[in-house]
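Next up: some structures, all given as C-alpha cells.
In the two complexes that follow, subunit A is the common piece, with subunit B as its partner first and subunit C second.
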Partner chain A sequence: MSDRQILLLCLVPALLLLALTQFYPLAQSFYVSLHDWTLARSPVMGEFVGAQNYSRVLHDRQFTGALWFTLGLAAGSSILSVLLGFGLALLTVGENWKLRLSRTLLLLPMIIAPVAVGTVWRMMLAARIGPVNEALGALGLGTPNWLGSPGLAQVTLTVIDAWQWTPFSMIVMAAALASIPPDILAAARMDGAGRGLILRRIIVPITLPIILLVAMFRMVDALMTLDIVFTTTGGGPGFATHTLGYWIYVQGLRYFNISQAAAASWLLLALCMATAAAFLLWRRRIMSWQVRQ
Partner chain B sequence: MSKTITISASVLSGMMLSGAALAQSVEFSVMESGTYDVAARQIADELSAAGGPHVIVSAFPWEVLRQTNTTDLISGTNRFDVMSGGYYLADVYPYFQGLDDLIARDDFADGMIPNLMSPGRSEFRDGEQIGIPYGIDSYGLIVNTDLLAAAGIGTEFADWAAVIAACPQIEEATGVACLSHPTGSPEQIGAFFFSGYSGTYIDAGGNYALDADAATAVAGEIAALWSFLPENGTAMSFDEAHAAFANGEAALLVTWPSFTIDTLDTDGVAAKGHWQLVNFPGDGFPWLSLWQLFVPAAVEDREAAWTWIKAFAGPEHATRNLIEHNFGSVWVSTYEDEALAAERAHFWPAQIEGFSRAKNPPLSGEAQDFLTNTLQEIANGRISAADGIAMVNETWGTLPVPPALLEAANGSGLAAD
Partner chain C sequence: MIRRLAIILALAVALGPFVVLMVNSVRPSDAFLAPGAGFIPGTITLDHYRAVFGGDGETLRFLANSVIIATATTLLALLLGAPAAYALARARLPFRLSIVFALAFLIVRFYPKITVALPYYLIMRDLGWLDTHLAVILAHVSVTVPFVVWLMLGFLEELPPEIEQSAMMDGCNAWGRFVRVVLPLSMPALGAAAVLTAFTSWNEFLLASTVASNDAKTLPVRISSFITDKGILWGNMAAMGTVIVLPVALFAFATQRYLVRGLTVGAVKG
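== the complex of A and B ==
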C-alpha cells in the first residue's frame, strides 16, 4: 500500500464521522421538509407533500416580515461592526503593552454568551428603570423606549448585535493591518503622503479582501440571529423583531410544526450560501483587479 | 456454598427493595416560582415521612417548564410521572391519560369550586378529565381608591370603554398615568381581549374564527387603552408594571392578582391600604390561570402518581398553601374561613367573583400567539384594528383546532352552534 493510500485510509474515520454528524441530519431535515409533520399531532411522519411546505412558508406574511427584518439587521450590524472594527484595529495596532491590553479589553463582548448579552442589555435598556435612560434623564436628554417602540427596537437589536461582534472584526483586521509590509508605509511617508492618503490608497486596498471576508462571516452569522432576540424582545413588540432564526425556533420547538421549520431552515441555509457566494465572488474580483494593477 | 447463598439472597433482596423503592418514586415537574415548587418540596417531604412515595420535585422557569414537559412527552423520554401545566399544553393532550376512574373512586371533586372540573375551565380529552386543578388565579383589575376618589371616579367599570372614558379625568385630576400593565410580556395583552370580546372563537365549521366587528371594536379599545400607560410604558415587565402602581404612579393595574397582592400589603409600599381588587370589566371572560396536574399516558404506576396528586392538590394543604405560598386555593372550604375573609376583604370578593366567570380561550399556542402579537401591532399603531383582525381571521383559517380544544369550546360556549 502506498503512502498516499495509507493517508487516504486514515481520512476515512473522519469522513465517516463528518457524514454521520453533518450530512445525515441535513439530509434528514430535507426529507422532513418534503413531508407533512406536526409533532404535536403525531410522532410519526405524515405523507409526502413535495414543495408544499416551502410554498406555505414563502407565502407566510410573518416569515416574509422576518426575512426583511433579518436582512436589515444583518446588513446594518455587519456594516457597523466592520467599520467600527476597522477603526478600532487602526487605533490599537501595535505591540506595546497598552495596545495589547486595549485589544484584550475590547475583545470582552465577543466572549460573553449571546444569551447573557441579551439579558444584560434588556436590563440596561429598560425604558423606565434601566441605567441607560436614568443616565440620559439625569443629563436632561430624552429617554427613548429602546425595546418597546417597534422601529427603535429593530435598531436597538442591530446595535446590540454589532456591539457584540465588532471585536471579531477588530481582531481579524488588526492581524491584516499588522501584515502590511512596513516598507510600503515608510516609502509612502517619505513621498509625503499624509495619514488620510495612506489609508485610502494603501491600507484599504491592501486589506480589502480581508474586510470582505470579515463582512461575509458577519453577514452570515447575523442572518442566523436568534439568541439576542429571544432574550431582549421575544420577537416583539408584536412581530417587529422576529428574525428568521426566531421564526424557525417558534415553529419548530414551540408549535412543533417540524416540517415547516425544516423547510424554513433550508431556505435560510440557501440564503446564507448565496450571501457567502456573493461575497467570495466579489472578493475574487477585487483580488484579480489588484493583481492586474 | 452457604456463604454464596447468603450473598445471593442479600443481592436479591436488595434488588427487590430497590425495585420497590423505584416503583414508589414519582418525578414531578413544576414551575420554579418560589411558591408552587416550595410548597411541592414541603408536601413531598411530609408525604415521604408518612410512608408515601418518594417524590422528586424538578422545578423550571415557566417557559422552560412548558418546553421541558412537551419535549418529554413528544420525544418519549418519559422522565416525569406527574406534570404541572395548563391549557397551553393543548397540543400534547393526546399524550396524557384520563383520570375519571380515580376521581370517581375517591370522590376527589367534592368540595372544589363549582364547575371547575368542566370543559373550558380544566382540561379534558375525549370527554375524560386529564387535568387536576390545584392553583387558581384570574386576571384582575386593581384600583388605587385614593386616586380614583380624587378624580371623582367610582371603583367599578362595566367594560373597557368605561375605563377609556374615565382615564382622561383620572390623569388630569391626579397627574399620574391611568393604567399600568405588564406590556413587555406580549401574551398578556390577551387579558383585555378575552374580557372585552363576547363572541365565539370557533365557527360552526369547527375552524378558528372571530366575529370581525366585535373583535375589531375590542382591538380598537385596546389601542386606546395603550395611550394611558405611563411614559415609555409599552414594554414593562411584571415587576415594572407592579412597581408603577405600588408607588402611586398609576391609578389602575391590570395583572394577575396573585403576583402582586402580597407586595401591595407590605409596609412602606405607597399603595398599602389604598387599593382594592374590583370586578374585571367586560362581557367576555376574565382569563383563567388554572394550574393543573397531568399524568402522562406512559406512566405505569398511576397509583403512586395519584397519591402525589391527592397530597399536593387535595384540600388538606390548600389553606396553608394560600397563606404560606400565596397560591389560590381551588377548594371552597378555604374561602369559608371567616378570619381570612375579613383580612382579605379588599380583594377576596372580586377575586371569588372572577373565579366563577373565568375561562381559558380555546386557542392552541400558535393561534393565541398570533392573536396577541397582532393585538400588540394594533396597540402600537403599526396596523389598524380592522386590518389586524382580518389578518388574524385569515391566518386562523389555516390553523387546525385541536379536538380537545373544540371540545372545551363547545363546553364553555365559545364555539358557534
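== the complex of A and C ==
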C-alpha cells in the first residue's frame, strides 16, 4: 500500500462516523423541516409543505419570546464573562504557585456538568433554604424570588451562565497575556506609562484578536444554552426562561412535534453560524486595521 | 493587598456553591427548613447517599453507565481522531481536500446539537438501538472527535517533518511512522484530548437524554429528573450533585496541566 492510501484509510473512519452521526442527521432534520410531521399522530413523515413550518414557528409567540430571551442571555452572558474573565486573567497573571493554584481552582465552574451547575444554583438561590437569601435576609436586604419571578429569573439565568463560563475566557486570556513579550511592558514602564495606560495602549490592543475569538465562542455557545434551564427553572415561570434550545427540545422530544422543532432548530443553527461569521469578519477587519496602523 | 483580596473573593464566588452542595449532601433533612439552621449542620448524616444509592440500586447502575460511556468515548475518539489528524497533517490531497475535511471537523463545534438530536433519535429508533450504550457512545464520539482532530492537528503542524525522515529511510511506511515516531511524541496533546473528551462525555446531557431512557441513562440525565416532581428532595439532590461533581473536580486537579492545555489550544489556535 502506498503512503497516501494508508493516510486515507486513517482519515476515512472518523469522516464516516461524522457523516453518519452528524451530517446525515443534519440533512435529515432540514428535510423533515420542509414536511408535515407530528410523531404523536403518525410514525411516518407526512407531505411536503415547503416553508410552512418556518413561517408557523416565526409567528409563534412562544418561539419569538424564546428568541428574544436567548439573544438577551447570549449577549449578557458573553459580555459579562469576557469582562470578568479578562479581569481574572489580569489578576492572576504570574507564575508563582499560589497564582497557578488560584487559576486551576477558578476553572472549576466550567468543567462541571451544566445540569449540575443548575442544580447547585437552584439550591443556592432557593427561597427558603438557600444561603443567598439567608444572608440577604440577615442583612435586612430583602429576599428576592430569584428563579420565581419572570424578569428576575431571566437575569438570574444569564448570570449563572456567565458564572459557569467566565473561567473559559479567563484561561484563554491568561494564555494570551502570558504570550505578550515582557520587554514591551518593561519598556513602557521605563517610559513612565501608568498601569491604566499600559492596559489601554498595549495589553488590550495586543490581545484584541483573542478577546474577539473568546467573545465569539461565548456568544455562539450561549445561543445554544439548554442544559441549565432543565435544572434551574424548567423554562418557567410560564415561558419566561425558555431558551430556543429548550423550546425546541420540548417541542420535539416531549410533544413530538418534529417538523416544527426541526424548522426551529435550523433557524437556531442559522443564527449560530451567522454570529460566528460576523465575529470572524469583524476580527479580520480589526486585525487588518491594526496592521495598517 | 487589594489584588489578593480580589482573588480570594473570586475564589469564594467560584467555589462557594460547591461547598454548599457538599455540605447539603450530609445535612439532615429536618435541618433544611429549620429557620436559622446555620450553614454548618449540627449533625451529619449519610442518609441522602443511602437513599440515592440504596433501594433498587438504580443510581449505581447510572454511575456505571457514565463510567463505561465516558471511557469508551475517550478511547474511540482518540482511536479515530489521532490517525485522522495525522492524515490531515501529512497527506497531500487534491482540490484542497485537506482543508475541506478539516473544516468539516471544525464546523461541528458551531451548530446546536439539538438540530442533530431529533433525527439522531429517529435513526437510533429505526436501528433498534434506542437506550443502548452504543447509541450514547456514538453520539459522544461524534461531538468529541472533531475536538481531538483539531487539538492534534495544531500539535502535529508544529512537529518538524524531519523527525519522521530517518524512520522513512529505514523503510517505515506512513502507519509505522505514525505509531513509532509521531504517537510517542504526541503524548501531551493526546493527554489533553483524552482529558477533555472524558469530561465532555461525563457531563453531556442533551444527546444522552435523547436516546437513553433507562438502560443506558447517565448521571446528568438522572439528576435532571429529580426536579420535575413537585416536592424537591434537597438532600438527595445534593448527594446526586456531589456524585457528579466530585470525581470531575478530583480528576481535574490530577490532570490540570493537560486540562489547561486542552482548554486553551482550541481557542488560541484560530
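The criterion applied here is as follows: the second predicted complex is superposed on the first by the 279 of 293 C-alpha atoms of A that agree within 3 Å, B and C clash if a C-alpha of one lies under 4 Å from a C-alpha of the other, contacts with A are read in each partner's own complex, and residues count from 1 in each chain.
The rule we apply is simple: contacts are C-beta pairs under 8 Å (C-beta built on N, C-alpha and C of every residue); 3 or more make two chains touch, one makes a residue touch a chain.
Being a predicted model, the structure only gives us computed values, none of them experimental.
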item	value
Partner chain(s) touched by A:129 [first = subunit B, second = subunit C, both, neither]	both
Which of subunit B and subunit C A:65 touches, first, second, both or neither	neither
Touched partner set for A:238, first subunit B, second subunit C, both or neither	first
Partner chain in contact with A:121 - subunit B first, subunit C second, else both or neither	second
First, second, both or neither for A:254, with subunit B first and subunit C second	first
First, second, both or neither for A:15, with subunit B first and subunit C second	second
First, second, both or neither for A:102, with subunit B first and subunit C second	second
Between subunit B and subunit C, more extensive residue contact with subunit A	C
Shared contact residues on subunit A - subunit B and subunit C	126, 128-129, 234, 253
Residues on subunit A engaged by subunit C in the complex (per definition of touch)	1, 3-4, 6-8, 10-11, 13-15, 17-18, 21-26, 28-29, 32, 88, 91-92, 99, 102-116, 119-124, 126, 128-129, 131, 163, 167-168, 171-172, 174-176, 210, 213-214, 217, 220, 223-224, 226-227, 230-231, 234, 244-245, 248-249, 252-253, 258, 261-262, 265-266, 268-269, 272-273, 276
Subunit A contact footprint on subunit C (complex, rising order)	3, 6-7, 10-11, 13-15, 17-18, 20-21, 24, 32-33, 39, 80-81, 83-84, 86-88, 90-92, 101, 104-105, 108, 110-123, 138-139, 141-143, 145-146, 149, 173-175, 178, 199, 202-206, 210, 219-220, 223-224, 226-228, 234, 237-238, 240-241, 244-245, 248-249, 252-253, 256, 259-260, 263-264, 267-268, 270
Touching residues on subunit B, where the partner in the complex is subunit A	67, 70, 74, 76, 91-92, 183-184, 186, 230-237, 240, 243-244, 364-366, 369, 373-377, 380, 382, 391, 395, 400, 402
Complex contact set, residues of subunit A against subunit B	39-41, 43, 61, 126-129, 133, 143-145, 147-150, 153, 233-240, 250, 253-257
